[in-house]
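For reference, the structures are reproduced in the following blocks.
Shared chain: chain A. Partners: chain B in the first complex, chain C in the second.
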Partner chain A sequence: MNKKMAKCIHENLDSILERWEYRMKDVEEERFFHFMPDELIDKTSREFAELMTSNLQYSEAINPEKLADFTEKVVRFGWSIKFVNKSIENFSDITFEIMEEEGVIDQSNVREYMKTFSKWISPHRNSIIDAYAVEWERTVKLQRIALQELSASLIPVFEKISVMPLVGTIDTERAKLIMENILDGVVKQRAEVVLLDITGVPVVDTMVAHHIIQAADAVRLIGAKCMLVGIRPEIAQTIVALGIELKDFTTTSTLQRGMQEALKLTNRKIVEVEN
Partner chain B sequence: MNMRIPILKLGDILIVSIQWELDDQNAIQFQEDLLNRLHSKNARGVLIDLTPIDFIDSFIAKVLGDVINMSSLMGAKVVITGIQPAVAITLIELGIRLENVMTALDLENGLDKLQIELEA
Partner chain C sequence: MECRSSVDIFTEWDIVAARQLGRNEAKSIGFGTVDQARITTAISELARNIYLYAGKGNIKIERTYDNNQYGITIIASDEGPGIADVRKVMNDGYSTSGGLGAGMPGVRRLMDEFNVQSEQGVGTTITAVKWLR
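Up next, the complex of A and B:
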């Protein structure tokens, strides 16, 4: 049975793929088949078919390396998990149709076929989806690391004055990172004033404010002063509306004014030179 | 082993450098010693340096807070220097904010701050 099926699929691979591509194009929100060059689609489809039929021919588990290769590729192409699932479903539907047309399956052996078929497709689907999930998690993790590297660096601007510009939403994990970076940076750079610039933080809620206050307190403990700068009008409104107390530390609307304050605190000022 | 923490006098400032992690008994001993010294030398300022300490538990943190409050009761200004980032995070997480204490990055800065504070 297996051999018969494999032979039939192999012989009709082109028509299977043709139908498969045609059906996949109908899947909603699918960009891959519309924007990618034809050769690439063809190549990927062939790889997919090969992967699908590989364990039918050799009746063994799928080659894990091939599987990993393939999933890595489709994650990069932006195939969603829904789309992958749909691909497998369509593929199995089409092979069934083709085999029926070719007369490999008839009334007498349909039951036996179903057995083989379920033994073939189900483990396949599981392993492909598993591999996809693993690959996806890996991608997300890499992106998170990349994001962390980009965010929260303490920049020494003047002697004794450092600035940390914050961009993007702050969650608990990031707040921890920010706190560690500030404290380590202050000690390393021997900063006396730290300006925390929240111009790029879209929302300041009680949680974010709590983290900022904690960071400011910790900075005070190690012997520096923390200032909150870049408070936009809407942020000021939310802070007051939420009843968040920021009395304990200096706040200014722009980094510029914050810098002036910081210079004042360290007994310095910027003067224009005479010509 | 009962290692007492040395308390040095410099002008009218007492300088304490805590060099090793204190256990509970040592911490209490330190509290008594410091207050006695403060009384006998009639010092006006206290500087506690924590640079070598990279771990602090809630009891030690509480004792430290107490010592600071007691010293200010006895009319001395206290400055704490060299709190390590990890220690600062622990203190904040324990909810110990040491609100009315001066802090400085290191001994030098601390002495400057204390001097300014005492002259004022």
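Up next, the complex of A and C:
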């Protein structure tokens, strides 16, 4: 039965593809069919059809290697999962129609064909959805790691002075990390002054401010002083509008000025060397 | 009103998405950097309130035109527990979650118009407008 199906599909591949492309063009969100040159569409479509039918010719059981290959290729086409799903749906609909028209399927054997059909199509769909999910999870995981790497390290700049540059959005998880790193770092580096640089923080809302205040309080408890540096003018204005009190610690507009203050606090200054 | 765009708030990261949307919209309307910061901060507060208290909700950003003035409207709506005492919430320093309690009164100061509609057990809708000067 599979052979019959495969034969029918192969004999009518051109008309299947033609109908398939026509229907896929109706899928509005997908730009693929609107911007790509015709030859490329044709080539990709043919490849897709070949992949779809590859497991029909040989045996009823799906060859896992072939399936993995198919999935990888489809993912590489760069189609969205919705589009791929629609592609498979349309493809199977059209093949069914054609087989009906060609008389391969008739009233007597339709049930049997339905069974074979779903056995043929479902593994493809499942495998693709799986592959996409794995791909997605991988991306998210990698980005999470990348973000963690961005998070908050305390850098010893001078003896007794350390800087923590903060870049990007601060969420609850990062705020925790900032707190831990700052306290660990202060103890390890024997810092007396910690400069918290928020130049790279796009938005300072009450939550971020709250975390900063808590971190500064904790730093004070272990005997060091915390300074907030890198407050941009617009951030200063929003902090005032929000009514957040930052009176307990020194704040400056730039890291440079903060560093001068920190040196003053530890009774040092930078002098130019005369030749 | 035109150019409706909205973000559903489910996770902490959706707050960032809402903020980004607001910033882009504010920029395209023609707000300066200070007002952009005000608008994004206000969105951040409202989105965080949804995330913290209601669990899920929606932030809509709209371009507004009224009285020969352009502006941006933020509509934060949720179907959460509602606010028990709106007047209390608008006081500085009042918080039920151990925060600073500056969010709601802060948003009112950051924006030009501010309106809270809340019914306990039904939900809360907050509308805030900033006009372009």
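Operating definition for what follows: the second predicted complex is superposed on the first by the 150 of 275 C-alpha atoms of A that agree within 3 Å, B and C clash if a C-alpha of one lies under 4 Å from a C-alpha of the other, contacts with A are read in each partner's own complex, and residues count from 1 in each chain.
Throughout what follows, contacts are C-beta pairs under 8 Å (C-beta built on N, C-alpha and C of every residue); 3 or more make two chains touch, one makes a residue touch a chain.
These numbers come from a predicted model, not from an experiment.
Undergrad: Classify the contacts of A:220 with the two partner chains as first (chain B alone), second (chain C alone), both, or neither.
TA: first
Undergrad: Which of the two partners, first being chain B and second being chain C, lies in contact with A:192: first, second, both, or neither?
TA: A:192: touches chain B, not chain C.
Undergrad: Which partner does A:241 reach: the first (chain B), the second (chain C), both, or neither?
TA: In the superposition, A:241 contacts chain C only.
Undergrad: Under the stated touch criterion, which partner chain does A:123 make contact with: chain B (first), chain C (second), both, or neither?
TA: Neither partner.
Undergrad: For A:183 in the superposed arrangement: first (chain B), second (chain C), both or neither?
TA: first
Undergrad: Quick check on the superposed pair: does A:200 touch chain B, chain C, both, or neither? Answer first, second, both or neither.
TA: neither
Undergrad: Can you name the residues of chain B that touch chain A in the complex?
TA: Residues 80-85, 87-89, 91-92, 97-98, 103-106, 109-110.
Undergrad: Quick check: in the complex, which residue numbers of chain C touch chain A?
TA: 12-13, 16, 19, 33-34, 36-38, 40-41, 44-45, 48, 92, 99-103, 105-106, 109-110
Undergrad: Please output the residues of chain A touching chain B within their complex, sorted ascending.
TA: Checking each residue of chain A against chain B gives 179-180, 183-184, 186-187, 190, 192, 214, 217-224.
Undergrad: Could you list, by residue number, the parts of chain A that touch chain C in their complex?
TA: So the residues of chain A in touch with chain C come to 169, 171-172, 202-207, 209-210, 213, 233-235, 237-238, 241-244.
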